[in-house]
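Common to both upcoming complexes is chain A, partnered first by chain B, then by chain C.
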Partner chain A sequence: MSSRRNFKPWAFILPGVIAGGVVLGVPVVQAFWTSLHRLRMYRMHDQVFVGLDNYARLLQDPLFHLSVRSTVVFSFGCTILSVIAGLAVASVMSTRGIRGTSAARFFMAFYLVPFVATQVVVGMMGRLYVWEPEYGLVNFLLGLFGADGPMWLISRDTAMWATIVTNAWRLTPLAVLIFYAALATIPEELLESAEVDGAGGWKALALIKLPLIRYHIGFIALIQLTSAFREFDTVFALTGGGPGRTTNVLSLLVYNEGISNSDMGMANAISFTMLIIVAVLSLVYMRLARLGDLGN
Partner chain B sequence: MLRRFQVWSLAVSLAVVIGLLASATAQTTLRLAEHPGPHVEALEEYFIPLYEELTGVKVLMEVLPPTQLWQKMQLEAQANTNYYDMGYHSPGWFGYYYDKVAGLDDLIAEFDFDIGQYSQSVIDSHMTSPILRPGEIVAIARNPQTPIYAYRMDWFEHPAEQAAFQAEYGRPLAAPTTWEELYDIAVFFTRPAGATVAGETLSQPLFGYSASIKPPGGMARAFLAIVYSLGLDGWDENYDSDLRDPILLEGVAYWKKLIEDTFPPQAQTWDFLEHLSFMREGRLATAELWPEGVLTIDGGDAPTAGKIGYAVLPQWPGNRKDLPIGRGFIGGGGMLIFDTPNKAEAFKFIQWLLEDQAAEFNLRTAMFARADQFTDPVVLGSYDFYDTFLPAFQEQMTYGFPRQHVAEYGAAMYNLAGEFAADVVFDVMTPEQAQSRWVEMMERIFTESGFR
Partner chain C sequence: MTATRFPRMAERGGLALRYLFLIGWLAICIAPVLVMVLGSLKDSSLFQSIPQLFSWDGFTWANYERSFRQGNYAHFLRNSMIISFSALFVVLVICTPMAYGITKLLSARTRNLIVFSVLATRFLPYVVLALPMYLFFARVGLTGTLVGVILAHLAMQMPFIVWLMLGFFASIPNEVEEAAVIDGASPFGVFWRICLPMVLPGLNASAILAFIISYNEFLFAFFLAGYDAQPLTVGITRFVGGADVGAQYGVVAAYGTLIILPIIVFALVVNRYIVSGLTAGAVKG
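Let's turn to the complex of A and B:
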């Protein structure tokens, strides 16, 4: 009876484990296997086993180190910005007097636009309409105040920040949705009694709301971090990795090595290294944010 | 009676629908992968509709940016999808799908295509591939070309500009004969908004020289004109790289200085020919010109029409081959046919376009490939600028660098040239580091392929 009871939950999750194994496991194993080979796109029939040679070359390549740095700055920048923006918008939207109104519903739908837009479209819009130095929105707005904006995507000082802001804009709606839903679960009486005790506004946010939605913040930050870490489309459409290699994040390096330089072995080695970096980052983060305690 | 009418109506309707469906499926459809350029508009608006009307064959053209084009053609070819029946042919990309392309000798014989219209150098560079497909014609050339120098002739001839240049550099303002002179002229014309040029006040900054240098593809295309002008080939007959030569460092230092001092900053976001729009708008004084862009700056509707002068690329003194002028690679392209069931129909379309319509094709695109185009009085009389453009174009073609026909060209030379130049220009690496990286990667690629 006891063994049957133990078996039951496993039986329920077995189809999911098998499906996950096939859908995730097979490509991961295949990517790792390819990363151990020399495989050029123009000689697909000529696959040679080279062991860990691709990894050894990768670790010595200054461009890989540069891309890791760019990816870390980009990922953390996007995560921090989108979480802060998401919290700010969700807090305003969940304020008494705004929450539940038709204006709030309209803005919630409005905020979802970047989230449902295709990433390439977001990148192209950013390049052509937002950051474009002569006709773009940002420099137009700066011009209203008499300021000359820089060439955002062309200058090495500003390209990364413009790229982070664009991608954070795309990621923010998810944070808004989750935080808005989380804030709605906080009992009204709790906030009212805090208000009676003199803890209104910022104090209530810092001492009551944020602690109560900390798991949601942790969860969203993890999702945004891993999403930004893998980001390709927006960066490719926005800057193509430039100027120079300023925004050449790891996923673009994979593309350059695999497609432009035809080195599929190296491209897979970078991809697999990315997987390891994301996995380690996620584990460390989950431990720090105590996301593992969530089920308890 | 009514029922009989209904039955007949139904039967006739069904027959019509089935007939339409059958004719639709029976209609041959050719899919063409194309490179951007002036020929696209001509194909889209004139040639393809006319061909469809004349033959009933449908031609679907897909235009992709250069880099995506060869990548998509490669993926479709390697996956044997038969997605494209024909495509733009660049000798530099041919190695990516050389084994999936149809040999054309039988079709040329069967349809009596006049191969004698093409010079031997064009056949060698754009129609054959001696290492990958020895002894075969694998493409039909359409616009073999190599970069030349374009300049604002009206500004060069303006007395005030002449006098100012003479006073500053001690020589007349004329098309440059060395790359250093090209730099001087570019610096001379680089001026801020509010300054004057040829007596006119500039409302926007004026830039002295530009090419489209988006890394890695655009940068490679432009920078290779320096590499080949230095007299370097990339590698020798033993597949040892000749890029260790210190002259490469001189070349890249010059290139960095030229970009920093005279190019519009936007040039690094331009892939191919976009800089010519700046010239057309009066914001650029001199430019690298891939000849297929000539209509942008000198076509009938261009504000700069009649104001452009043309010259060959200048010499790099001390270059390793004693070249009297500079040179880029012979680029441009032609049309190839993939080995699909439609290959004969695809060949008929290409023959109609490039042979039967040769003069009309030239009139609409200003692209040259065949001997009869260079002698046809209708063609030669169609644009005034041919008087100055064609001599520069033809002289430059005799010095153009024919790219080596190996599958590794793209990976070892083209992409790495773009990465090398970009890494130096944007201070990602020191020139020496970038040079070592290029040489090591190139030689490893050749070693892997068994050439070394």
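Let's turn to the complex of A and C:
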């Protein structure tokens, strides 16, 4: 025990805390400070304190309301879709006869492809080769079944769905991987005795396996939700926020206001509002899951 | 007897179905990439249908030639490599000792506080960081420099890598280090010679994931890098954004393939580390 007391953990931690403070802490404080000012990019020296004025303007801005709505639909859509797809694939992979085989390892390697694929390229690929109404992959496949696919990214009614599916495609591998690993930690004897009691197959999945990995499902849902919430790359390359402003999620609105309109005060007010939303989401989650149950 | 035999037979029939399902998902994962790669080898004006992509008609390397010549691929690739490798080096040098130190903190309260802040910053919306950095870099003249982009990547990677390494260090039994201390090793010696070799797989996983994340990153580079410091992700949007995108399917596909295919092949080769790294961050044991 005395050996542990001689240790100086802070010598190891301090450089990280300082670096984190500089590259993470300072920008966050600066974002809040700028959000309280009127600041135009082309008049940097002319920074006027306006209090919460930017936030007041924001709440009355129909474009902001529109973005909030698309962001909510987009984030929850991506989360639900990727968690369900992840559970489906992981459950099948972890059934007896497939789990632990080299076939399973082979599948898992290729299932990682959407996860490591460069997001902007995924967006462009989606626009030109997947969702393209006339020649694209999706409508080609629909055509095989005699269906006439919609205009996808061009139509206001379908653009959000195509955007959600594209991003969920990218998010699903993480869910598959974590759920598969979590399912593997369930002791085999437990499943066998359940089978003897008549709970095999679907019943075992619904009554034993899923409840046992509920913390992992919750954790992945939070990761997917927050990562879809801040998504910029995929949406920017896929739709650019259009058609109209139907897919103009908050990250894109920040770009519109801050870089395109050079209204830095407003842009920082939006991004700081995003930060507050994420903080609330995480706190709610931690209340529900208790931090102690999170892996470490 | 029958009661046990029937499920077995049903299981075998089910096995084929389950494989079919997994192959179907495999197709969903790779089909879009495959279509783009095939499209990159076609004369753009000839892209009229998916089946036609599988024929030899209109085969050409011209799209790749244009990507290298007009698209300046080599220049952007160089930036991408400098950014990704520098970011991963800085991140590992800072985050590995930090994660180690956190697991050695005696007070559970302080430890939980730090772990909590690491987790909280992991979910930060990136635009919150990108805008102030944009303003600050403009003031100090770091806009359009590689250093600026690398610093931004440090911010983006830190929470994730600390979180990842925490899991690996936490799995080292205390007795190992205590034995080393009794043998007269210094705190740094314990870290460097005893613990670091034990978390080598975790270090590999962190380095690989950090590289992939940096290589793919677009938002920060888009906000902060001028032409000289642009990585590939920004390069492609500027290159094809300027011209009529619809008219040059093939060039977009070729440039996209040049970005996406190397990282996919790399990931397939090292998939073992990606799997272990990502699972260590979320699954106990």
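In the analysis below, the second predicted complex is superposed on the first by the 262 of 296 C-alpha atoms of A that agree within 3 Å, B and C clash if a C-alpha of one lies under 4 Å from a C-alpha of the other, contacts with A are read in each partner's own complex, and residues count from 1 in each chain.
In the analysis below, a contact is a pair of C-beta atoms (placed from the backbone, for glycine too) under 8 Å apart; a residue touches a chain by one contact, two chains touch by 3 or more.
Here the structure is a predicted model, which is why all the values come from computation and not from measurement.
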Review point. Should A:F229 be classified as contacting the first partner (chain B), the second (chain C), both, or neither?
Key: second
Review point. Which partner, chain B or chain C, touches the larger number of chain A residues?
Key: C
Check your understanding: When the two structures are overlaid on chain A, which partner does A:R214 contact: first (chain B), second (chain C), both, or neither?
Key -> neither
Review point. Now for A:R99: first (chain B), second (chain C), both, or neither, which partner does it touch?
Key: neither
Check your understanding: A:I154 contacts which: chain B (first), chain C (second), both, neither?
Key -> first
Review point. When the two structures are overlaid on chain A, which partner does A:Y42 contact: first (chain B), second (chain C), both, or neither?
Key: first
Exercise for review: Go through the superposed model and pick first if A:N261 touches only chain B, second if only chain C, both, or neither.
Suggested key: first
Point to revise | Doubly contacted residues of chain A, that is, touched by chain B and again by chain C | key: 44, 259
Review point. Okay, in this complex, where on chain A does chain C touch?
Key: 3-13, 15-17, 19-20, 23-24, 26-28, 30-31, 34, 39, 44, 89, 92-93, 95-98, 103, 107-122, 124-130, 135-137, 140, 169, 173-174, 177-178, 181-182, 185, 200, 216, 219-220, 222, 226, 229-230, 232-233, 236-237, 250-251, 254-255, 258-259, 264, 267-268, 271-272, 274-275, 278-279, 281-282, 291, 294-296
Check your understanding: Any idea which chain A residues touch chain B in the complex?
Key -> 38, 40-44, 48, 62-63, 66, 133, 151, 153-156, 240-246, 256, 259-263
Check your understanding: In the complex of these two chains, what residues of chain C are touching chain A?
Key -> 7, 11, 15, 18-19, 21-22, 25-26, 28-33, 35-36, 39, 47-50, 94-95, 97-98, 100-102, 104-106, 112, 114-116, 119-121, 123-129, 131-136, 138-139, 151-152, 154-155, 158-159, 162, 166-167, 170, 174, 177-178, 181-182, 187, 191, 212, 215-219, 223, 232-233, 236-237, 240, 245, 249, 252-253, 256, 259-260, 263-264, 266-268, 271, 274-275, 278-279, 281-285
Revision key, fill the gap. Residue set of chain B touching chain A in the complex reads 67, 71, 74, 78, 95-96, 214-217, 265-266, 268-269, 407-408, 410-411, 415-416, 422-423, 425-429, 433, 445, 448-449
